[in-house]
Amino acid sequence: MSTAFRNIKDVPKEEYLAPGHRLCAGCTAATAIRQILKVAGRDTVVVSATGCVEVATSYFPQSAWKVPWVHVAFENTAAVASGIESAMKALYRKKKTTERVNIIALGGDGGTFDIGLQALSGALERSHDFIYICYDNEAYMNTGVQRSSATPYCAATTTCPPGKMSSGKRTEKKDLVAIAVAHNIPYAATATPSYPFDLMNKVKRALDVEGPALVHVLTPCPTGWRFDTDSGIDIGKLAVLTGLWPLYEVVDGVTKLTVQVPKREPVKKYLEIQGRFKHLKEADVAEVQKRADMLAAKFGLGPVREQVQA
Amino acid sequence: MSTAFRNIKDVPKEEYLAPGHRLCAGCTAATAIRQILKVAGRDTVVVSATGCVEVATSYFPQSAWKVPWVHVAFENTAAVASGIESAMKALYRKKKTTERVNIIALGGDGGTFDIGLQALSGALERSHDFIYICYDNEAYMNTGVQRSSATPYCAATTTCPPGKMSSGKRTEKKDLVAIAVAHNIPYAATATPSYPFDLMNKVKRALDVEGPALVHVLTPCPTGWRFDTDSGIDIGKLAVLTGLWPLYEVVDGVTKLTVQVPKREPVKKYLEIQGRFKHLKEADVAEVQKRADMLAAKFGLGPVREQVQA
Amino acid sequence: MLEIRWHGRGGQGAVTAAEILATAVINEGRYAQAFASFGPERRGAPVLAFTRISEKEILLRSQIYEPDVVVILDQNLVTMEGLEQGLKAGGTAILNTAFEPKDFAERFTAAGRIATVDATNIAIKELGTPITNTAILGALVRVMGIVKMETLEAIFKERFKAYAEKNVNAVRSAYQMTKVFDRGENK
Amino acid sequence: MLEIRWHGRGGQGAVTAAEILATAVINEGRYAQAFASFGPERRGAPVLAFTRISEKEILLRSQIYEPDVVVILDQNLVTMEGLEQGLKAGGTAILNTAFEPKDFAERFTAAGRIATVDATNIAIKELGTPITNTAILGALVRVMGIVKMETLEAIFKERFKAYAEKNVNAVRSAYQMTKVFDRGENK
Amino acid sequence: MKRMGLSGNYAAAYAVKMADVDVIAAYPITPQTTIVEKLSEFVANGELDAEYINVESEHSALSACVGASLTGARVFTATSSQGLAYMHEVLFMASALRTPIVMANVNRALSAPLNIWNDHSDAMAERDSGWIQLWASSAQEVFDTTVEAFKIAEDVQLPVMVNLDGYIVSHTYEPVNIPDEEEVRKYIPSKPMKNRLSPSLAYSIGVVGPPEYYFEMKYQAIDAMERSRVRIREIESDFNKRFGRSYDDIYTYFMDDVEYVLLTMGSMTGTARVVAESLRSRGEKVGVVAIRTFRPFPSERLAGILGDVGGIGIMDRATTPGGSSSPLYEDVASCLYSVQKRPILQGFVAGLGGRDVSIGEFEMMFMATKEAAKSGRSKPSIYVGLRG
Amino acid sequence: MKRMGLSGNYAAAYAVKMADVDVIAAYPITPQTTIVEKLSEFVANGELDAEYINVESEHSALSACVGASLTGARVFTATSSQGLAYMHEVLFMASALRTPIVMANVNRALSAPLNIWNDHSDAMAERDSGWIQLWASSAQEVFDTTVEAFKIAEDVQLPVMVNLDGYIVSHTYEPVNIPDEEEVRKYIPSKPMKNRLSPSLAYSIGVVGPPEYYFEMKYQAIDAMERSRVRIREIESDFNKRFGRSYDDIYTYFMDDVEYVLLTMGSMTGTARVVAESLRSRGEKVGVVAIRTFRPFPSERLAGILGDVGGIGIMDRATTPGGSSSPLYEDVASCLYSVQKRPILQGFVAGLGGRDVSIGEFEMMFMATKEAAKSGRSKPSIYVGLRG
Amino acid sequence: MSKQGLKGWKEIPEGGTVEEPGSSAQFNVQSWRTYRPELDKKKCTKCGMCWLYCPEAAIKILDDGSYEINLTYCKGCGICSKACALKAITMVKEEKS
Amino acid sequence: MSKQGLKGWKEIPEGGTVEEPGSSAQFNVQSWRTYRPELDKKKCTKCGMCWLYCPEAAIKILDDGSYEINLTYCKGCGICSKACALKAITMVKEEKS
């Protein structure tokens, strides 16, 4: 598989997401989309699920998109993409068009893990040639930070608030990549805009394979996770460095780590700078550390680095 | 895990599916349900998706069910079950009831793999304590044998008919158990009523674990697969003996074969007795054999037995 | 207008028989409707089908309560209740059975004419399977006229392709072997 | 009926200020409505909030086009267009700024009174963050009356719990430090 | 031209094939299935060069159609009942986004209780969705209307729903005249339509419509619907010229000298005509009026035709529990509200969930309408055939 | 009793808490979210002992509610717009299966274009679904109506939708009188209801309703809806006795000697009253009538009240593209069709997608209604505030 | 075909519920059958596989542990016959009337 | 707040389409900012990470390969500043009016 992006020189200068959109200051989803579109280029159709990105980039009479873009609803992104892919195929075969395009379906975690999962599963099974990108800010942000099935264990949201009877989200984060891989698709990967070259190479590979591909991108959200607007990129890095967000890809069923972490950071470092984890007790932190350790074992990351005693 | 059913003596005599239902003569889904309900017993609520089983067992003013049973729609079986489970929990906690019941959600492959997948995924993620049973006849039978994502490679259905431009279903059968297992549930298994004790033990284990469990039951369908009404049980056995339907269970993520096949039958034997595979060419049969061999390798089944030359 | 009710069992082609007859009428330039009464029953269950035939465009869309003709495709159904229900006085009953038409005179009291044919036997002989819907059409044509045998045979050719020949044999054989009992009243 | 329009930026509490004022009025036994103008803008974007106050039940549900009072919570907004739009002749403008009220006389031509307070500074000092919504309420009460300081303080106690004290200090401090310019006409 | 015996569903499938659609996305549901099965066959045999998307649900079926349609492809889907209900949300989007999708909706009762038989509750519940709704009452009409639907949809850029009664039309074999494929293609040339999602345009479609614009955006589609009236008439007259069969927004029968009328929609029109003819022969001055274009509703013409009839019986095959009356009745009452001489209206709810409406029951409806007209006062909706 | 400043959404949440519901299943959507967020908080803090099901969609939200309700649990959900549309199919099932679910629907425009602001198209598109629909026009009404809704639902065994205008009511803080929890619980005792899914009964629920039975089964729910009229009145008068606030199916204002009336629903009633009062002071004989129970529609009473008014302006916040008129208009026209002295009706479509309806526009509507009444002829629906 | 004897709307249980569990047993499926299973009790070893496989619950266990086929419910699929290792069940064509 | 100058329904593109790609660039987000990034060109090594990370595409690459912040589009999040290993970008509070 190709590794097209090794340093800043390799990155196309063209912008396909215009400024003036209405995403929050410091929103890393915007960063991710800029990076993704640089790889995909002009001949791309983007299908957006309802969510922060959609709402904040397409406020009539203006749009931030410089590629053809369409939004229909919240739950049907992969289905709309299926229709476009099939139509483009038929029109090309019937010589009614000469255009060939990349088709990118773009959904938040809510629009992907929850209400859009069925459409996604169907599209993967039917083996349409498109790429699905889930930008994962781990909650329904557009509607004000409600729990999704991508919300991590223990995190606070407005529909799983901590309280006398609760310490945040009770269940685990759904494993989207595992679900996608269970569909036997040729390419699936995790990414984050904090590691732009890794992300861009993965998008390129996803576009290159025939058939459906999925890239699951962690996009830290200052508003929902409650951290300063300048910290999103760093927090994405910490997610990787703690082992909570291993960067890997699954090519034809074979998993490969793409960014090694020889010495992991303790999860505490990641948790304590985010308001959504403010309520965590020591035991909760230990639980989260356990999860990071399990992920590390599964994907072959290094041990937690020794902490210097303060 | 318990192995409660070893021979016919262990099987409860009580019937919870009454005769007089309107399923086809020779429908093995009916056999499966009889076996399942014997394990679950009286204190069980069954939630049915629209499909053959639902339509043919609940024709007003009669019902074949001897346990409380409810059908709401096609796509929401797991969601209805979620509601029942949560309500029972709340009512018990609030001392408004003393009843505790098994909750069985029952869907065909269409109601599970396709239109009901999202509700299922949500229920699994929320970790409701119920068991989901998919009776898989590999197509939408109730509406007249249309393709589902459980239809196997190359099989003919009315919406993937063979023809000049087509040799039946083009894509692979979706891997339901893998998808369920990707949700980190405590128990998932495959079964078929042709192996009744295996099936019943699995249902028992599924009921015993806390949290969601899934049992994926292959139920050969004389009408849709086009074979004689007396052959469903034998065809189920052949599915197992060819390696096309390995019987296994996944307990807390660990996969275990439950019925070993030391010498497999060639898939040809399975294919040639079913009308839906009548159109297959040698090369198609070889393709299917390849798939069986891959499954055999994955689950540790034996080699194909040497064929006696005629 | 002529109204026919077909009794068969799911999977045995009663609906197909009703359709083929209608197609034949249509192909001969007249008007026909064929429809069935669908339910959740599965293969093997009793089913009803209907054909309406007329020289004029058929506008009527209500069900058929009082058929002119009742056709029973399945031997085992002959014992079932309700077969004779609604049959018009002086109407016709056509049964797949090895028995004589007269044997049913008391059962189909309204029938002016009763015809029987061992369609199952014919089907097994000619087609190798007990699917009686084409054979019974032979009996129907024999008793009722309605369409030409050639019209039916042309449809078989289009519809059954490789099996057309055999079905043609079945329909011809049934045409030959149909026995008719005419009450001679109300005719 | 008194109508107030609040200008702030997402995440800075303009809506909360509108609500707190309404709650205070309600707690004093009178009638109030507080609402906002919501859009897809995210944190940081300018937002509008509104408060209606009356001695009688408020039935009106249309938007407020001509407020009696305009309150600007954010210093940076002071340069924005449209702040003065619709302000009733003889109305009041209350601004968070370190400048003098008179400096805005030409901007808010309709205003009978203009008040300024360095709410940001107060907020940073008292709360440790530049969230100005409680401080600005001090200015409002100073200029307009409307509710008693004690009523506000009681609400802070319920709403902000641990931070109540600090907010009380902020509102008091702002009350003290507000400067008013009265045009003396149209009053 | 060929005269064939075809079911209503097959007639729809043939029309779609002749329209040379590019994409079909549909999910099976009784009694729609034979449409999509036949189309699958056409595609499998290479008789129709189209992508058939085996979607996993109706919500996705229509979503895929919207996506496909925006690329300029000609698109078809078919559904019924629960399937249409499951598309509900996307229906509104398809019309507002101006996608010229054609859908066959095989009318069937809505659950619960589950029922696979005919009534009109599925389509009626979508009467706000901004789709043009045409109603076909025979297999021939299904064919012709489906062909026309593509032309209408692409002309006014609105989706069109062709309704046919489940089983009664969908599964009844009847004579159908099928024109030559060439003729059909000349009528609806399968030229490439505008690809609104082309990179050369880079449009953004389906954006947020804020309060400042939503009303205007929505009104565009309302206006397109209004304008479609004229276009539909023109397209019908072109059809008539080419194929010799004429269609209209309203059909009227036995209207000379008429005193009371039964208003119907869909397949029941046939039986109503038969009964009206027999009543006429008995000297009753009855007539039948049937609505073909339910959306846009032919209010003006209807008011013109019915304005001075003494009594009108309105036969609904759907209900609005707790409503002022039933759906069709309400549309009729609204459009007749301000006519001068106000006819007496008598509502009927009949044939829900596949309940047959017999000749006798039609007679009863005519007579009850007469009775209402004579007495000058009507009863609340009469539930025809309900067991008390 | 406590007088608090609460938004309409919080008022709903308080009512639900006081009703001591057992199960909540809801999916977030703007502007409903603050209801479910507040309820989540109550549950997290142990102030409400309920299972909160974080469903993955609205289709599942309502499905879970149906399942839960059949066990005899008291059940609540809340949604809006696309969420309600996505529930469409299940709405019909909830009513026919007679599950006494209470839902808050925060009225919002339907997409496309996507719009999070208020109009009534979401609820109007569900007017056939067999749900009782109550409309609340202030936070106080939201509280009171939600409390009543549980009692009504459980009494007549039908689901109840409490509608409140998005933002205008849902997010506006106002004074609300909240009774003591004990008083509320006495009014709607949270006794265990009948568990229809108990093993001791082994009922089968949601079965196939063949043509022989479907009509009768469906009619049961229609009848329950009709019977609910009386029960709602009784439940309201009990409410009045206990809490001193009285509700009704219709509200009337300034009806003495009235010549023309504006008919409204939801929050706009308030503005209409303000404008009517000012017009009255200028000598105009205007009145306002507002509908609270849209389903069952108060046809008889409405005909009684409006039967001899000269002109009626009907303000719809929804449309039926291509329909005879708009939804509320059609219900009104149907019920007034046969009154003796037929008032002139003038339709208005206003406030779609959050477009503000200003005082000036209300004046215009009153005047246009007057004009229509005077001239004896009305215009087609007037789109208030539409930029041409 | 007749509507006589069918319940009216007032008599149907609320919500169209079927209140009698297993009432499908009132439904006659005999006419569905083309072949009829005949069980030779002498050959039967009471292994019970016919019982466990029958889709219809048409096979009863008698008090003595032996099995009996209830022809009211048997659809004649032949599964039991095929399942019987000892060939104790044979399928015979239904008699003509 | 005023409705003046807004397009009527006849002028809006069919289906509410936005026909001008990237037209959000007309939307002014300056007022969102509390802090303003100031780039010290002397410290900058042109590593480009600020450019690659900026959520707003507010950083331009000039012809000479150096970077410049376009304050019309910058929301002042501070990501660029934090991303700069050489601390070439500092965030300064916006001036009061």
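First chain written, first letter: the chains are A, B, C, D, E, F, G and H, and each begins at residue 1.
Operating definition for what follows: a residue touches a chain if its C-beta (ideal position, glycine included) is under 8 Å from a C-beta of that chain, and two chains touch if they have at least 3 such contacts.
Quantities reported herein were computed from a predicted structural model and do not represent experimental measurements.
Traced through touching neighbours, the fewest hops from subunit B to subunit C number 1. Contact with subunit G and subunit H alike is made by E, F. Of the two chain pairs considered here, C-E and A-E, the higher C-beta contact count falls to A-E. When each chain is reduced to the average of its Cα atoms, C sits farthest from subunit D.
Measuring from the averaged C-alpha position of subunit D to that of subunit G gives a distance of 80 Å. Here the CA centre of subunit A is 55 Å from the CA centre of subunit G. For the pair subunit B and subunit F, the distance between mean C-alpha positions equals 43 Å. Here the CA centre of subunit B is 23 Å from the CA centre of subunit G.
Within subunit G, the positions touching two or more other chains are listed as 3, 6-9, 12, 15-16, 18, 21, 29, 32-33, 75-76. In subunit F, the residues touching two or more other chains are 54, 56-57, 82, 86, 89, 93, 96-97, 111-114, 117, 196, 201-210, 212-213, 215-217, 219, 356, 386-387. For subunit A, the set of residues that touch two or more other chains comprises 22-25, 27, 54-55, 58-61, 63, 65-67, 71-73, 75, 114-115, 117-118, 121-122, 125-126, 149, 222, 229.
Listing the residues of subunit A that touch subunit D in their complex gives 22-25, 27, 52, 55-56, 59, 222-223, 229. Residues 50, 54-55, 60, 71-75, 113-115, 117, 140, 142-144, 146-147, 149, 158-166 of subunit B are the ones touching subunit E in the complex.
On subunit E, the positions that touch subunit F within their shared complex are 82, 85-86, 88-89, 92-93, 95-97, 109-115, 117, 121, 124-125, 127-130, 132-133, 206-219, 221-222, 225-226, 228, 295-297, 299, 318-325, 327, 329-338, 342, 344-345, 352-356, 377-378, 383, 385-387. Residues 1-2, 29, 31-34, 75-76, 94, 96-97 of subunit H are the ones touching subunit D in the complex.
The touching residues of subunit F, counted against subunit A in their complex, run 27-30, 33, 36-37, 40-41, 43-46, 52, 54, 56-57, 82, 86, 111-114.
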